[in-house]
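After this come two complexes, each holding chain A, first together with chain B and then together with chain C.
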Partner chain A sequence: MTGGAVTGPRFRRDGAWVGASVPRREDPRLLAGRGRFVDDITLPGMLHAQFVRSTVAHGWIRAVDLDEVRAVPGVVAAFSAADLALGDITALLDRPPHEFVPTSMPVLARDKVRFVGEPVAIVIARDPYAAEDGVEAAVVEYEELEPVVGDTAALADGAPLVHAEAPRNTLVDVSLFATEGIDEVFAEAPCVVRVRSKTGRQNALPLETRGVVASWDDRDEQLHVKTNTQIPHQVRTVLARCAGLDEKQVRVTVPDMGGGFGQKCVVGREEIAAAAAALRLRRPVKWIEDRRDALTAAFLAREQRYDVRAAFDADGRILALDADVVCDMGAYSCYPFTAGIEPLMASAEMPSVYRVPAYRVRGRAVTTNKAPTGPYRGVSRPQYVMVVERLMERAARELGLDPVEIRRRNVITVFPYTGVNGITYDPGSYRESLELCERVLREEGWYDLRDTGRVIGIGYACFSERTGYGSGAFAQRRMQVVPGFDISEIRMDVSGTVSVTTGTMSHGQSHETTMAQLVADRLGLDIAQVKVVQGDTDRITYGFGSFASRSITIGGSAVAAAAEKLGAQLKEIAAHLMEVDVDACELDGDGGVRLRDDPDRRLSFAELADVAYLRAHLLPKGVGPGLSATASFDVPGDGTFSNATHGVVVELDPGTGGVEILRYVCVEDCGVAINPKVVDGQCRGGIAQGIAGALFEQVTYDAAGQPLAPSLMEYKVPTASEIPDIAIHHLETPCAFTANGAKGAGEGGTIGAPAAVLNAVNDALRDTGVELDDTPIAREAVFRALEAHRG
Partner chain B sequence: MAEIQLIELTVNGERHDLAVEPRRTLADVLRHDLGLTGTHVGCEHGICGACTVLVDGAPVRACLVFAAQVEDADIRTVESLAAPDGTLSDLQQEFSAHHGLQCGFCTPGFLMLAEGFLAERPDATKEEIREVVASNLCRCTGYQTIVEAVDACAARRRNA
Partner chain C sequence: MKPAPFTYHRARSVSGAVGLLAELGDDAKVIAGGQSLVAMMNFRLARPEHLIDIARIPGLDAIEREDGAALRIGALVTHHAVETADLGPGFRLLPDAMRWIGHLPIRTRGTVGGSLAHADATAEWCLLAVLLDARIVAEGPAGRREIAAADFFQGVFTTALEPDELIVEVVFPRPAPRSALTEFAERKGDFAIVAAAVDLDAARIVLGGVGPVPLRVPRAEAALAAGAAPAEVGAVAAEEIDVRDEPGVSAHYRRGLTRTLVARACEEAQL
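Right after this comes the complex of A and B.
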């Protein structure tokens, strides 16, 4: 009963690539140890960089002395901010000053340090060991300032300012919605519940840390930066600006990438500094982040405080939602998203899957002396979904309703539905997923086990997730960089095989396989004849990379559209050569074009490509030589929503306060799955990260702002002993406007897990009178609740 | 500059003579001196297991061992698993069949961990396999498919 089986429709459509669990094309090289990750790259004459980092959380830099560093054997150079004189990294929102305070992140700290681990100088040496030796020889004098180490301290009267330009340490303060009369609704409602929740700071923790190999090429007149980024074009833009280069003088390519989960979706200062050093020295420079730096100085996420009230009528129908959200964004605003990323996401989407008639929200981003934050899988949605799902279960308890029943009375069932937040939700299976998830747990007998005296609880999370934000959605958030569309270019070569570009950037999500599946179906080719090109700013017109579950919805749709254009070209040439009308031709599904009424008459793609390139005089009038097409895709309207319900059974250990997950069921709907096995992988891996946030992982600091989890001994990443098998059941509500009806699948697992686990723990505590609303769930709090109840 | 030591290593059946600093880890020697970049470094403090290799058949964290410590040992890395013509081993095939890898960064460590364990315990149960899989970290898969892949490989070897 604890198996991790997959049930539901398997989407296989006969003869089609899309819908089949095609073996991943990435696998053979990665399994053989023949992948090429950034640290696998070695260039002739390559040097190695490490960073002198701040040892204090907040202070003025009074002196940076690198003379002794330069004397260390093996050290070639050392640069401070003054030596490199680079422009700052600045991310902006188009919002008035009372809503958004622009701040800049210098590549190397100039006058002030704002967190422990902030890069102050870069040391370049002949090997990485000597670079570390050099770092140890640096002498930096600080005049320490009082650190700001939490959101409450940041907002307190007279708090020290992390950035002088940001009063009350507030970078973002927006009130996006305030339904008129909402206070009267609360005053008159028969049931008002409140959840105050604090969620722990987390590290996305890709197993491969960040890294870069940068080299200046005289022949190309280019700084070539090989780096493991989710957003190569944005790295190019920022590097060009910081270093004073034209964008044509910068090429960013991305090798195999060992995960990202959002942490590699922002432009890091270290990659800019290493590239600038390579430019200065005219020698290749490699920087590989060590784990300690990755844990203390890389982009973090998720530390939020919610104070949310919900009003319900006597039947359990929600009447209003009133939310105050404060996000501790750390020391700097990340590029391109800004410090608004978390509060804006929470503010825009919080009504979730429910018909909420009245809504008010204030979202704030405060700056503190902690490592800065960036996006992390799900961005705010794991948190606000948890809060909203807690409100549902709390109201159910107050009103004596079943927790599934109260959701059933509130979920959106008629689509398209336009919410109080102005968002129009496309069709999904909200109620169906909820009912199926509950039925599975009931049929498996878990509700019976709940009444046997063991400390067992059952919890749910019902949620949706906007996948593939288009230009319109991001424009509403008033980002100055609006990452909505994708462009794809497809080329057929002389042999009749195809290469297709995508502006998305796979880092574990299998795009080399899934994008090829989309093309193969549209042209009638084997995927072996389709090459997917990604991660090269010289070969790809423009792209916004992979994040926010955008790759298949947006990138995939662009790839599919380009393939369809190429198919039309092939038919046009074939029709001319076979002397028929183009409407009489069709792709034959086997690498050729045939006559619809006489299928034996066909021309293979190789024959057509031969004409297009080598015998262009045979082409129809007005058709130029070559075979290529470009297409772009942007998301119409408010986008498309995947949805799911997660159901979790936990057992608590009264002796230790430990939480064991006995059963995890995920009923998910991401529209049509291009490759079902890949979708299952995204679900399971996402859920594992969500469980990690619910039960294990937290970045903490002491009162001086010193990080308390600088190694994996303290930052507890769950292993196979803690993550259960996960059963997945698929529902399928196709998207009306994406290629094949696919919706995004990258983040849902992570979004649902904290809510479901926390609700299950609270259900198990139902007799104790204690309710827990914070994550990670403190073992001690569970222990004390059970102990007090025993008496 | 620190002193240099001459050492002799046997990796995947091939002998190498090397001049290295005594502080140079086995992981760095494999990756950067011998060009065997299949072994990955994820934490450099022995927790994540991405750098797991076999030393005399036993799984070892290559980041915690100095190259000079394993001079007389038989060292095996992920590059030894596939046949010379590139055909993947049964274990590698099962990882692919079960979608036991996504980004692939942790994968060589899990492969060598499983290779060493199954050689020692061919009759291991799925629960025992899960316990061993818990030695290493994966951030992508949620582990279930890694356990299933190793279990399937064990069954395949028992039935061979």
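Right after this comes the complex of A and C.
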């Protein structure tokens, strides 16, 4: 896809594409309504799927009767687990049984249902209306079991078991670090603070819900699955395994995507079931998740309970961190990450941006009768950063220090820094971002306003974010699927234009633009001459898709390396044709190769390609025909860390408990921004989702495990009315080993916002004696705090 | 989220719609803007066998100011039409109150008559009707009748409308130059946790979100009539209501919101 007309600044002043806010090549088609999303795809003879879903949170399936379903007008077929007989989805960690209990997620529930909304049968009909009529006609008999609705209940003595193989409903229980002598440190420390925090269950809520169009092709002998996934190759693998196909018999392609945020980064059951139905019926089947199913049965995230203590010396220097983390992972372990994703992330990275000498942590994943969880933008970091930043504020208060000052005394300033968690942090601007953020808020006068009669608070979050986890970093998590590298293939065609593949998968991040910028600079081309190919398992050797802010760091570095190889080939051919040494040639920045000492002598890429393909007899000896190259990239060591400080000003309404954000300042450092405007968009969108977690969104259940937020009336995603203007300032600490020094930028906004907002609210409550540590912040709690104080 | 099968009827006149209602009885539902009904149908919480679309009936979309100062608003007038209408200082409360209703797309489709017939106890039109002594004009097989707002709202989503009656207009008989409506919800456009409307000249206070219908608070109204300060009026109203703890909103909090919002409505009404 070459995109439409490009307007606005195209280059930086020095002529480089990287670093310029090139308008997104995706936008012309998306803004004109000419994008192609899954639901825009219609195939001849296509049928529509809908799912019979469990109405009980926990129970044995005693009977599934679909006879009446099949009699509903418009219904073509209906399948239960027994009818489709698919393999289960199983994600594994290489950890001993006391640390990890493997469980499986059947594509359709077979013997037992474990949450309200779990798919039990699939109904295939002529249209989506008839499919829902069919769903209503299903008769499923359940023998109800006592549901496990919260983490505390899950861990209680004698609790019912969600999975029989998991005692105490515990899927993951790891104690990754325990510094010797830590108890003595706490016993002797002059200042020990503690934060207990519960964070609300959230839905990543991509605007475009999940969906799939699957069809069997007799000529290709292939099941073609068009689905909005962040991980096409992993969907291929799971589908092939579940359906008993070779991987060559499955092709997964991805059209435009309206967001994913991690929810589409795991393999869902519905796309496998719909594809299996298409295979069985030999007719195309479409499934589009509706908003109710998206809110109740899609992969959720973020429901965690923290009990963390921190010891400080009298000067406010942190001495030790002791943490217990319990994550309510819901009914199933997600593929490929497993239920370990949240507790492992929290355990590994909690020391954050601070020099923590002693650290002990226990992280657990418990299973409950709620919709399962998967990764969601930030993965645990919004939560542990919030807790650590609360600890900093609390210690500052106890010690009479300014909240910024206590951070200044603790942030890592000398790099590389190897932490107590064994992770080596590459250079960042932790202190600089903190100081700039505070300076901006002071210069704008917010501190003056804080000291007036209004109930105003200022809060900060200072944090870093490991981006681009390489194979080594994920191997430390002991995942059986270790998604570290990326492979890129670049090819120049006869006309001299280029197509480049990436194993990463844009779900809104503008890869068609940013990856092309990387290639354009490497080859000296206009981005209009670079086509970026993604999301097609038949065209891309292998990829792990996009998550964990890995696209530019890992995928971009592979793209750049492939482009450099191609550039070398072009120079070699040009040197031969111009009868000079290859060192005498250089790319001319205008689609050609020229002589370094005689720039007027040049050969255009089209001329070189003409030789490479159509007159191969002119090629140098030993150089094969064609122009293509493959390169791969994996992150060395522990990866690269982006960082930021967020500063928030809130005003509380004592009469209602209302919380209004008056100012939001983000000072971020993602190394070299390939496209600053795209980075800004990532920051703003991420911050909006972070504010959502701090103040609005929560997936709730009643005592029977029935979801209480099945629509957007109850699940309070904030709108443009609730999200303030966000000021973004950039610092630039380049990464030493990625293409152009870029670090990831996908998640930081989401990570910093809950901490900064919560700290600001607590600052506003500073005279009340009340501290709030749970999110989303209850307006009633704010109201009561201010009411009690004012009498 | 696709509705169950239904038969669609497009009414071309009020009498036609009433005739269909009489014929189809409880199996039929009237649809105008559809802003509440369609969502309920998509969740299959409402599953009418017949839908009678009145949106294209001519003559129900007028806003008229009578000589005697009464304001007549046709049932099909949208919230947005009221929001953008110049109704004069006596009725400025109505356009002002519209900004609390949902979001712009909802206001451009949702209708006055639909909101009254749906009778959500926090709906702005329901509060306004009770506050301003509105008369709801309904037409049935026996002709038209007027129902006082005080008698119209009978319980949760329940009104005095007969199954074969259609709201054709609502009459606001008196201007209310010193009046205000205010609400609290976590998000703009949400149904209010508590809504308060005040008419100082009539010494009238109506609350939404504290009962099954828009509720007046007589003791607070008496305090208002006696010249109590807004904070005092709010405090009386908060004491007066009968509310219980509910998930996410305690009775204490609802009282606190009532105290604040009544006081603020009183203050705004004086401006």
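Simple rule for what comes next: the second predicted complex is superposed on the first by the 778 of 791 C-alpha atoms of A that agree within 3 Å, B and C clash if a C-alpha of one lies under 4 Å from a C-alpha of the other, contacts with A are read in each partner's own complex, and residues count from 1 in each chain.
The rule we apply is simple: a contact is a pair of C-beta atoms (placed from the backbone, for glycine too) under 8 Å apart; a residue touches a chain by one contact, two chains touch by 3 or more.
The model shown is predicted, which means the values in this text are computed figures rather than measured ones.
*Asks:* According to the stated criteria, A:129 is in contact with first (chain B), second (chain C), both, or neither; which is it?
*Replies:* Both: A:129 reaches chain B and chain C.
*Asks:* Would you check which partner chain A:290 touches, where first means chain B only, second means chain C only, and both and neither mean what they say?
*Replies:* Both chain B and chain C are touched by A:290.
*Asks:* For A:23 in the superposed arrangement: first (chain B), second (chain C), both or neither?
*Replies:* So A:23 only meets chain B here.
*Asks:* Based on the superposed arrangement, let me know which partner A:787 touches: chain B (first), chain C (second), both, or neither?
*Replies:* second
*Asks:* By the touch definition at the top of the document, which applies to A:480: first (chain B), second (chain C), both, or neither?
*Replies:* neither
*Asks:* Please determine whether it is chain B or chain C that touches the greater number of chain A residues.
*Replies:* B
*Asks:* Considering only the touch criterion stated at the top, classify A:723 as touching first (chain B), second (chain C), both, or neither.
*Replies:* In the superposition, A:723 touches chain B alone.
*Asks:* So, A:418: does it touch chain B (first), chain C (second), both, or neither?
*Replies:* neither
*Asks:* So, does A:35 touch the first partner chain B, the second partner chain C, both, or neither?
*Replies:* It touches chain B, and chain C stays clear.
*Asks:* In the overlay, answer first, second, both or neither for which of chain B and chain C A:696 touches.
*Replies:* In the superposed model, A:696 contacts chain C only, not chain B.
*Asks:* Per the definitions at the top, what is the overlap between the chain A residues touching chain B and those touching chain C?
*Replies:* Dual-contact residues (chain A): 128-129, 290-291, 711, 713, 719, 721-722.
*Asks:* Taking the touch rule as given, give the residues of chain A at its contact with chain C in the complex, in rising order.
*Replies:* Where chain A meets chain C, its residues are 128-129, 131-133, 136, 290-292, 655-658, 695-696, 700, 708, 710-711, 713, 716, 718-719, 721-722, 778-780, 783-784, 787.
*Asks:* Mind pulling up the chain A residues that touch chain B in the complex?
*Replies:* Per the stated touch rule, the residues are 4, 23-24, 26-28, 30-37, 39-40, 42, 73-74, 128-130, 205-209, 256-259, 261, 290-291, 507-510, 677-678, 680-681, 684-685, 687-689, 711-713, 717, 719-723, 725-726.
*Asks:* Which part of chain C faces chain A closely enough to touch in the complex?
*Replies:* Against chain A, chain C makes touches at 1-5, 39, 43-44, 103, 184, 186-191, 247-250, 252-253, 256-257, 259-261, 263-264.
*Asks:* Taking the touch rule as given, give the residues of chain B at its contact with chain A in the complex, in rising order.
*Replies:* The touching residues are 1, 21, 23-24, 28, 31-32, 36-45, 47-48, 50, 77-79, 81-82, 86, 88, 92, 95-97, 99, 101-108, 111, 130-131, 133-148.
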